[in-house]
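You will see two complexes here that share chain A, one where it goes with chain B and one where it goes with chain C.
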Partner chain A sequence: MSEFFTRMGDGSGIYMTAAEIREDILKGVKEAADHGKIPDLTQEEMDYLFDIITMPGNIVGVERGREVVSTSDSGSCKMTYHANIAMERSMAVMVSEKVLGADSIDIGNMDYSYKAVKQIVHNETPVMELAQLNAVIPVLYGSMPNLGLYTKPDGPVENWSELLPLAKIDEACAAQEEAVEHAVRDMVFVAGEMYEAGADGINLDTCGASGDADFLAGLLATEKIKEKYPDLGVEIGAAGEFVLGMHGKLEYDGTRIAGLYPHKQVKLTEKAGANIFGAVVNTNTNKTFPWNIARTVTFVKACVEAAEIPVHVNVGMGVGGISMSEIPPIDVVTRADKALIEIGKADGL
Partner chain B sequence: MSLESILNDAKQAILDIDEDKAVEVARQAIAEGIDPVKVLADGFSVGIRTIGDLFSRGEIFMPELILSAQAMKAAVAVLDESLVGEAAEKIGKMIFATVEGDVHDIGKGIAIALIQTQGVEVIDLGRDVPVDKIIEEAETHGAKVIGTSALLTTTMPNQEKLEIELRKRGLREKYKTIIGGAPCTQRWADKIGADAYAEDAAEGVNKVLELMKH
Partner chain C sequence: MSGIRTAGDLVLRMQLAKSMKIDDAKKYVAEKLGVKPIDLSDSDRMAEIRAKNGLGRSFDLNKLPKGIEAKFNIAKILDIKINSVDLFKMKTGIK
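Up next, the complex of A and B:
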């Protein structure tokens, strides 16, 4: 019986039979449909996904005319810390544009959080100005809301990670609500400084990493940014396939945020006024690539169908069907990209 | 009341996050002479595992998870009173840490909250904990199990370092080790020689209880 090379979610290589791959595709689709309460992929789509996974060649690509644009999070840092090429960030923007063909990129600080950045924003704006002088592509500024940084001892707010295990629920919720106010203020401040420096947009990356309050902070900051700087683009990137309920009762526009899957996350993102939504589906390291990509595509397809703004799917280490490994393997990366674009109908990556 | 009803009520009390009801069911089980271990394993634990599953699906949230764990803890305390000698042998101490270089501890916190409800005493060393400190604390507290969490591929090697250090110091057979965290897998556990791997908090509870038996 012939077998096909593929990988586990941790990147290790495995061989699977056609029947095993088809079975895992079906299981991945069913898992996403069950958790997200969304439709399955069609049989035709699952067959095509099988074709993509089993295509000969290490690298696969989308059909001509199906190309999509790319955005990135902290893109200008990655040549330095992934490739070990020491490079000033505005130069990395130029390399990304002129050598790698990036369609847009963001500049981010190594301390990738708005709270950390606000104190050094005077050092960040010249980098943005220089990049804007030289680049043709849109250059955004990116960071995370990172609500945890507002808790004691790093910040002014009580630490809900300590309060929750003590069953001090009300206190933990109040602390999160207070942290939202601080985070929104910092995000709007940095967005304003970057607007003045010529930024084309602001990337609120990994919203929800600290739970539903973190996601709410991203939404409220977007509202204020769009109100003050209507022509500054806003990208909201998610942190996972559902919003973790650290608070559990927070709402935005009458909708509870905790537990929302991508097809509902994107609707709140739209309401807040964002221009791009970065959908995230986490990779399960214990499952195969066929399982992970089938699950991811099912979530993404439902998200794109629901969306009225472009959806740029996160496809990096540990998300978007990509394996959780230091260097994501090119066979997995290109197959995930092709599947997300051609079946999931992603607007960008 | 039948055994089936007691078990169902025990499960439901946890699902309803009703601490008073959980305590009442535990007392009733004892009054009716039902094996407390059975009530725990087939009643309350079924409830807490269901809660864990709902949490992992985004259908219930951290406050509910914590409160249901509290309800479970209260019920376990009642059942513990009726377990003499036998219970003391079943329950042991566990060291739990996020390995050095890694500051992620939300998942660890969830796992600890659930494991504690099963009567295991968990010593939480927090995050970014060096291997030396983990071993030192395990020795000090007389732990049976050492659990480590890593959320980064760059910090996973510290789980392997723990295994190596335990072997170097002739302590490997003294402890059972369990690992977890997003990038970890059963294959990683096998490769480094850990005794168990848990994919999530609910599985962690069962695995730790199993390790405690050895």
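Up next, the complex of A and C:
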């Protein structure tokens, strides 16, 4: 019986038979459909996904004319901080534009959080200004709401992660609500500074990392940013496929935030005024790539169908069907991209 | 889409500025450039069009608009506001 090379969610290589791959595709689709209460992929779509997974060649590509655009989170930091190349960030923008062919790029600080950036924004804006003079591609500024940073001892509010195990529920909720106010203020402040430095957009990245209050902070900040700077593009990137209910009762425009999956997350980002939504579906390292990408595409297809704004799917390590590994294997990356664009109908990555 | 090697930056600008889905953004940019949407991903075709319209390109830049200069032309041809272009005009007194 012939076998096909593929991978586990942690990136390790495995061989699977056609029957095993088809079984995992079906299971991945069902898992997403059950949890998200969304439609399954059609049999035709699952057959095409099987074709993508088993295509010969180390890398695969989309059909001509189906190419999509890309945004990034901590894009210009990949060369400077992550790869440790001694390079100023506006120079990394130029390398991204001219050498890598990026459609856009974001500048971010090493501590990719708005709370940290607020303190040093006067040193961040000249980087943006210089980049804007030299770059042709849209250059955004990116950071995370990162609500956890607002807790004591580093921040001003009580730590809800310490209060919750003590059953101090009301105090934990109040602390999160207070942290939202601080985070929104910081995000709007930094967005304003970047707008005046010429930024094309602001990326509120990994919204929901600290749960529903974190996601709410991103939505409320977007509202205020669009009110003050209507021409500044806003991208909201999610932290996960499911908003954790660390608070549990927070609502936005009458919708409870905790427990929302991507197809509902995107509707709130639209209401807030965001221009692009970065959908996230997490990778399960104990499952195979066929299972993970089938599950991801099912969520993404539902999200894109529900969305009136463009959806850019996060396809980095550990999300979007991509392996949870420092150096994502190119066979998995290109197959995930093709599936998300051609079956999931993603507007970008 | 490969950014300024093709028309990826232009398509992305329409998503960021007008929340256009990918097919709508491609159609808009293609109409403005007078090409078909499928041409937007053709690096050979776009190199010629970008040079002709002064939209910036990766290499062979001699005497062609670069950086903010190219963005002046992009704002005009796509009929959109580009923040850095408006700031440049304001700071230099250009009407």
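As a working rule, the second predicted complex is superposed on the first by the 345 of 349 C-alpha atoms of A that agree within 3 Å, B and C clash if a C-alpha of one lies under 4 Å from a C-alpha of the other, contacts with A are read in each partner's own complex, and residues count from 1 in each chain.
The rule is short, and it goes like this: contacts are C-beta pairs under 8 Å (C-beta built on N, C-alpha and C of every residue); 3 or more make two chains touch, one makes a residue touch a chain.
Keep in mind that what you see is a predicted model, and the values were worked out from it rather than measured.
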Quiz prompt | Joint occupancy of chain A by chain B and chain C, clash or fit | solution = fit
Quiz item: A:E308 contacts which: chain B (first), chain C (second), both, neither?
Solution: second
Quiz prompt | chain A: partner with more touched residues, chain B or chain C | solution = C
Exercise. Figure out whether A:M8 sits in contact with chain B (first) or chain C (second), or with both, or with neither.
Key: first
Quiz item: After the fit on chain A, how big is the angle at chain A between chain B and chain C, using C-alpha centres and going to the nearest 10 degrees?
Solution: 170
Exercise. Scan A:A18 for contacts with chain B and chain C and give back first, second, both or neither.
Key: neither
Exercise. Quote the smallest CA-to-CA distance from chain B to chain C in the superposed model, rounded to whole Å.
Key: 29
Exercise. State which residues of chain A lie in both footprints, the one left by chain B and the one left by chain C.
Key: none
Practice problem: Would you pull the chain C residues touching chain A in the complex into a rising list? | Solution: 1-6, 8-9, 11-13, 15-22, 25, 37-38, 41, 55-56, 58-59, 66-68, 70-71, 74, 81-84, 87-88
Quiz item: Which residues of chain A touch chain C in the complex?
Solution: 64-65, 67-71, 97-104, 132-138, 140, 195-196, 198-201, 231-233, 235, 275-276, 307-310, 346-348
Quiz item: Which of the residues in chain B come into contact with chain A in the complex?
Solution: 57-64, 66-67, 70, 105-106, 109, 112-113, 153-154, 182-188, 199
Quiz item: Any idea which chain A residues touch chain B in the complex?
Solution: 8-10, 12, 35, 161, 164-165, 167, 169, 172-173, 211-212, 242-248, 258-261, 282, 285-286, 317-318, 324-326
